[in-house]
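In what follows, chain A forms one complex with chain B and a second complex with chain C.
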Partner chain A sequence: MKLVRKITNSKLFFTFIWIAALIIVWEIFAYQVEQTKRTPENVLPHLSGVVDSITSDKKINGSQTAFQMVMENAGATLSRAAIGYVIGIALGFILALIMSLSGIVEKVVFPYLMLIQIIPILGMAPIINAITKDIAVSRIVIAAILTFYPVAANTLAGFKAVRRESHELMYSYSASKFQLYTKMMIPSCIPYFFTGLKISAPMAITASILVDTLQGGLGLGCLLSQSLKGAMTRYVFWDIVFFSAIIGILSFYFIGIIEKLLCPYKKLEQKGR
Partner chain B sequence: MLETTENRNVEIMLDNVGMTYDAADGKKVQALTSVTMDIHKGEFISLLGPSGCGKTTLLRIIADLLQPTSGKVLIGGETPREARLKRRYGMVFQSATLYDWRTVIKNIELPLEITHESKSERRERAIKMLDLVGLSEFANHYPRQLSGGMQQRVGIARALVLQPEILLMDEPFSALDEFTREKLHIDLLKIWRKTNKTIIFVTHNISESVFLSDKVCVLSPHPGRLSAVIDIDLPRPRSMEIRDTPEFTALVSKVRNSFEGV
Partner chain C sequence: MSAKMNSKRRSAVQSVLLPVAFGGVLITAWQTGLLHKLLNTDEYVLPYPTRILTIISENTDKIMENVWASLEVALLGLLFGSVIGYLIAVFAASFRKLGSGGLTIVSSFNAIPIVALAPVIINWTKDVSPQADVRSMVAKIVIVTIVCMASMSVNAYRGLTELPAFSQDLMKTYGAGKLTEFRKLRLPNSIPYIFTALRVSVPVSIISALVSEYFAEYVIGVGRQIRENILIAQYSTAWAYILVACVIGIAMYAILIAAEAIVLKKRR
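And now, the complex of A and B:
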């Protein structure tokens, strides 16, 4: 009994169940598709087919295997996503700071931020491309734009969640505005800031792939559209789907690990009063 | 005015202090009406009353967190603002208000960082304070690892680390269980005896105010006003057992009977 409880309490157990369920559901649908379509990989291939295409030695464009191609293009896309992500984080944080310092700025700027979020990326991309005149730069800018809102909104929420007594404490010590922020406001909003980072990390990656499809060159999105247009085997498309899903999830956990390192106090249990 | 001994020892002087709020419906709400009182150096004063009596308002006025709409407050001859800028008081809140991301010792060092003390000076003084509240072995714990009572003791250590003359305490023990609270009463009295601070202690607990104080200032609501000041002439140092004496019980009833319009 004790062992059963230990297993059901463990995180690994649920991850296992979750993956198993995903595989079963996938395979059921793949089987259905196989019965009705002549080229099932265009709709939903068996997982074994996807695994085969990743591990296969077959050169699909004369010099590279599917796996090598995905990796090379992933490097380009992910580095753009990462640069955009970092820029977006910096901008988001600075903007949240300014909005927290000035209520007027917040009232004026915040609606614009929401507006930027409402415009579809694919609609925004040509405009940004026209401004930057460089597709690689626009891809970075778009990753930054998508990162920036969750970071700004969450960080601002963190600044606002500071308790009145925390403010009064700093006031009673006649702390300067600079001290107020460096000693109290910024450290106390770090968990909120990280929530923003965790939300926007997969978004930056997805957006980069999506924006890749707009023009050619190196990038997962370019490869993806070539595969969809039939320029190479459809399995490349599925490889990319799996690869980006895994990277997206890993990016989320990676940020979580950094947060745990920076905020060792967070995992501590609150003791009973 | 004659400079009597009495006068020279006045630490905080409240002269006709009043506070009126504008309520949402345009009416004026009197949170506090003309409170006049002298608090002497080294005294332990309780501000006692039910919610809405203005006891916290009065404390916040002394702390320069609120500006009174009438009357005058002098702290050692200065305005509350001047007193705050000179860090003449330390504040203890209902919740310990420790910063989660700082260890216990770093929390106590915080005020010293604000006044730009050197690192060694900060550490030395923080350790002394931690000793005073009996938590030396918890220096490197995080606040979340401490019980509520311990957190509140850290809060007291932090309030005292700049060596202010006055300690302002806003219902500091009201969120604690009875056992912890009684233990902290004894601890607080010990700290007070060692440090000779003037303490203003806001509470809604009658027995707590009688046990701790030299004087209990009874505030009554609607409108908030000072309805009685009762001297607590129980001998010091006080121990837990004093609560079982008839003198203590008599004082508790005296305080209880002095409320108006509750």
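And now, the complex of A and C:
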């Protein structure tokens, strides 16, 4: 009894209720669409159909099953997104560090950091593609730009959130600038840094898929537009939709898990509760 | 005292002059072709600023028509998304356990790439109207609505539940009912959080409006024009639309900041 109550009281349980409700609503509509439309899988397929298309070993383009095809294209897209993501993180962190060290650099750069945040970078994807002339490079560039500003802005906020007393303590220890940063500033900005990482992970993936749709070749976005145009079974489209939705959501939680593994303070917080 | 004032003023002047000077250097580098050498590109793909401005002034009517189309989508989507998001937050704050689980789902919608969302929504809204322009418009507004919903519901939920210490107890001693508590305490407390949400969702509404145009049936909007013009290698025209898109983004954000300053100042 106690266990049952514990389960029904947890937040996770209610999340599952909502997921179940969503699935039921989806299936009801899918049933409706099946009755009224000539090609129901174009509008709203049954979830079982989507699962079938992933697990079936029917070859859809002569050599690959739907699953293999999606995976191969996902590899091309996500590896570029990951490279851009890492470059963006590195640049964002370094810039935040420089801004924290030099007030002048902060004054020059920070307004532009805000500006990048409010101008539609994704709208510029086609032109970046035209400048770099290579779709793989432009995927990396756009993923890096989109990752760059949340990381830089959040890390800088982390540097600024260090309490005055801590600064005074380090001063009284006569710590050098190097020690100040390695012992205090950088460790204390890590939670903020991870907030930046969490925000930008789904963005990097979105950007990378979007760039794919601009040009042919290997990539999730390209496969998506091909199957939308009817070059292959429509289920490939649904596979990609679900796959990218799940990857987007997982990337957010994945960074959270990394944060938990790397950062002792998270464990402490939980123990404290 | 005056020395301190002086240094404060100098610092304020610096924080305006330095970025402006940096921008000036950047534009000069662009206009003189230095930027092209750095990016290893030519003035065809990356036209000079003067050329872009000429194109904007020559095609004002057509550009404005597309600007209105995009703005309509972004603003209506932002409005619907924010209202629905706030209602979700109210629901979640009234039924805590059930609500917070639902909130997790709504916020995970945020992580779904727009690229995956857009074609699905466009599929689902095919029967809304026989006219391509109307149904494309509906599809785009729905996409922006979904994208804007998440940040509002998460932030508003915090505003409705993270109340100042003892304020709830005070309400109880007044014998206030649930509705009064909501009206007099929770609603006002959530207003700054609404602005936090809008700071995220205003830029996002524009970006998702532009991206949803890529997938829409009917060819209109700033985002779609950027893409269409690049497909026919009209790079200068594409740049004109990019510049316009940036101006829209900055203008909407500036309006938001001004509104925030006015509203929050009155409260103090």
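By our rule, the second predicted complex is superposed on the first by the 251 of 273 C-alpha atoms of A that agree within 3 Å, B and C clash if a C-alpha of one lies under 4 Å from a C-alpha of the other, contacts with A are read in each partner's own complex, and residues count from 1 in each chain.
In the analysis below, a residue touches a chain if its C-beta (ideal position, glycine included) is under 8 Å from a C-beta of that chain, and two chains touch if they have at least 3 such contacts.
Note that this is a predicted model, so its numbers are computed, not measured.
Q: Kindly classify A:Tyr112 by the partners it touches after superposition: chain B alone (first), chain C alone (second), both, or neither?
A: A:Tyr112: touches chain C, not chain B.
Q: Is A:Pro40 contacted by the first partner chain B, the second partner chain C, both or neither?
A: neither
Q: For A:Ser172, decide between first (touching chain B), second (touching chain C), both and neither.
A: first
Q: Figure out whether A:Ile190 sits in contact with chain B (first) or chain C (second), or with both, or with neither.
A: After superposing on A, A:Ile190 lies in contact with chain B but is clear of chain C.
Q: For the overlaid complexes, name the partner, chain B or chain C, with more touching residues on chain A.
A: In the superposed model, C touches more residues of chain A.
Q: Contacts for A:Val241 in the overlay, against chain B (first) and chain C (second): which applies, first, second, both or neither?
A: A:Val241: touches chain C, not chain B.
Q: Does chain B (first) or chain C (second) touch A:Leu210, or do both, or does neither?
A: second
Q: With the touch criterion stated at the top, can you tell me which chain A residues are shared between the chain B interface and the chain C interface?
A: After superposing on chain A, no chain A residue contacts both chain B and chain C.
Q: Hey, which residues of chain C end up touching chain A in the complex?
A: Residues 14-15, 18-19, 21-23, 39, 41, 45-46, 97-98, 100-102, 104-105, 108, 110-116, 119-120, 123-124, 126, 202-203, 206-207, 210-211, 214, 222-223, 226-227, 230, 235, 238-239, 242, 245-246, 249-250, 252-253.
Q: So in the complex, the part of chain B that touches chain A is made up of which residues?
A: Of all residues in chain B, those touching chain A are 63-65, 84-85, 87, 89-91, 93-95, 97, 99-102, 110-111, 113-115, 142-149, 162, 175-177, 180.
Q: For the complex, which residues does chain A have touching chain C?
A: It is residues 9, 11-19, 22, 42-44, 104, 107-112, 115, 117-124, 126-127, 129-131, 202, 205-206, 209-210, 213-214, 221, 224, 228, 237, 240-241, 244-245, 248-249, 251-252 of chain A that touch chain C.
Q: For the complex, give me every residue of chain A touching chain B.
A: Answer in residue numbers: 163, 165-166, 168-175, 179, 183-184, 187-188, 190, 263-266, 268-273.
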